[in-house]
């Protein structure tokens, strides 16, 4: 059983003047938890900024195999201590899937160590997501490419360290390209960033997007989970 | 002209009970500045924990092409705001060379995003530093391998992201191995970590070590230096 | 069920004057097939230079999930057409595990595209194999490090492309270091190279070595297996 | 002085029925040699399939710092022995720049070890080439992106090993994306692949394309040039 925690800042969707309130009336987190929860090997919980400590404690993280993170205008409202807990849990082995505007979230930026900057435009461009690494488990079941009729445009340069693998690359009708699905390993933790998913578009109802997120969860599940990755052991010499 | 800032916490060497006070009577920073300053293409300054704001201001960083960092027991005495300034300067293009125990310094850890952990032992092991990438500019002028009669032992696993290149690998008489010289690119900045250099050994007087540090400074010099790498531009569509 | 083909040139072991004839009386391939064949999820066959076409046909490769390759003095006796078949099968998804002196085998060299050179010495050095990436599936069940009392020494620089991951690093009592366990992905195929295994030492009876090879087989098993990876499709435009 | 050899199969341009005969009346090689030859630090020669041994001998390669390669329908007419000479020269340090359809040339395929496959379409799409790594020396002087009104379309997946750096990414009006400018290191040699340059379009007269090729030549110039990279030395132990 893979224990997944879907974290969402949950701000836009509560604002009746924001289109996302209609698209995701119960929040993006519940849309994601909805399709993941149908899988027999997955157990889902959710947490948001509204929860005490963002719903993230040492106990919660210890019982989470993979965290999914969506954030946008509320990045700064996540306390540093919470970001640090998530960061260290990933280094100890917890898998992490960062979606869309989570590229500037505190946990992702701490894990990358870079600007995580990009160019962007809200012009309802069509996005075509191409599979650039067909043999990667995260691309399983995805055809050569798939289309999202409209989503926010992200463009290169994307200020990330060179990823382990580029699973997806995005094409936008407005003229940009983007490394849309990229993987990283940091200490014991596996990390996947996936570009689609602006709050005002029904991206998380798209079957291909759902399949990618499901694949990513299964891929990011830890093989090794430690508690002390930050320590530096001081062993004696092994030679006589 | 490459403008180099050698930063050293400068704690051990001021303690008359610490062997380093004899080995580096004017501090590790001045030992390094000493040999770098002889080069015609290099202009060196130094700074330490004793300076106001660690001697690091926006103005200082703006006028630094490459920073060299040595720290050990004083990592926590570097304020977060100083670590952040150094971090962002590197992302904007400033080169950075981290030496020995700087693997757990705040700027290096922020750049890596990992534990930066390793195993260690102060047993005066002999280290043999092997060149594993002979064509890398940082290995220029270095033979197949060179020896340091005694230094602190560092051993794998080293909790860093997979580096761009492994220029040197270390062998220790006590039985450990280590990725002793590794390069990274983070946004516009080039980073080199080099393992040798415990404060109680005359490592920084070794001609091979000096040559490596000199090579690294020339390699890390920025091609591009920006001021706004953290920004996300919002351009219009380029298509009609 | 993972279908494994253990390929061995099988030359040294048939020479009664060679120590390997005593260590591996039935050949290295049968020693490896012996321990792999005990696993419930693995089905093993073997092939050698003595078989027609080296025992490698399109049909055989089609029914092989992972190939294991040991070769040394007989590299040149493998026909180019056989090497090419193995090469393309890997690109189409077949996993491949190359052992010890297979670093200069034709299939490995074709997959790497580099010199695959290294320094070596037959002096019976003790080797200590360190885990440098503890969370990698190939390191599962392996402690911090393990020792081989005597094996051939290999040393850096190792002329390979930068690997995806360095799972193991080797320390030798004679003074060398080596990237002893490295992974690569080439098109759809996963590749693992593992350094230990000189023919005159009982390396393949070592429980740690056996565990590593078993882990590697399970890791290298294809997710995707194609037949046409060499083709370049010519699709129409997806835009109106 | 950087000694550059521009190699071109030179087939299409000699066919009066092929549009390229008008676009490149003296061949693509002379168009490239033309703009490179104006640089004070570069000395250019050319060679084609029409020359004896393709104009490539040990002597020629020894005196070449960087080779530029354009080929398409004549890949198979390059003898294996010539491809091998080029391959080994690169491993010994010679820089190499492969242009457009050279992705399926023998020297490039030998260096990569992969399928080098891609999807393609000759539909005169507009290509927009984005800089994805602005600090890379090959991107020097290139703006955020540049456009080629029409060129052949190449699309992902591109069957190459993960490159060291992705300097450029291509967007096509027909809907594809491509890693258009990628770097590799193989032993001592630096390699750059650049996607634009179909024979029927005036791509090699474009100032941005010319600047990229010039930058690539300067970047690929060897730091180290050996003659024996294929050898495996057998040194004595360095320990007593």
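Side notes on the structure shown:
When the chains are written out, they are named A, B, C and D in that same order, and each has its own residue count from 1.
In this text, a residue touches a chain if its C-beta (ideal position, glycine included) is under 8 Å from a C-beta of that chain, and two chains touch if they have at least 3 such contacts.
In this text, all values refer to a predicted model and were calculated from it rather than measured experimentally.
Under the touch definition stated at the top, chain A and chain B share these contacting partners: C, D. The interface with the greater number of C-beta contacts, when C-D is set against A-C, is C-D.
Distance from the chain A centre to the chain C centre is 35 Å, each centre being the mean of its Cα atoms. Mean C-alpha positions place chain C and chain D at a centre distance of 32 Å.
Among the residues of chain D, those in touch with two or more other chains are 128, 134, 155, 162, 164-165, 175, 185, 187, 238. The part of chain B that touches chain D in the complex is made up of residues 93, 128, 134-137, 140, 145, 147, 164-165, 185, 187-189, 222-224, 238. Chain C contributes residues 87, 91, 104, 110-115, 117-121, 123, 125, 153, 155, 159, 161-162, 164, 173-175, 184-187, 229-239 to its touches with chain D in the complex. Put simply, chain A touches chain D in their complex at residues 128, 130-134, 155-158, 162, 164-166, 169-172, 175-177, 179.
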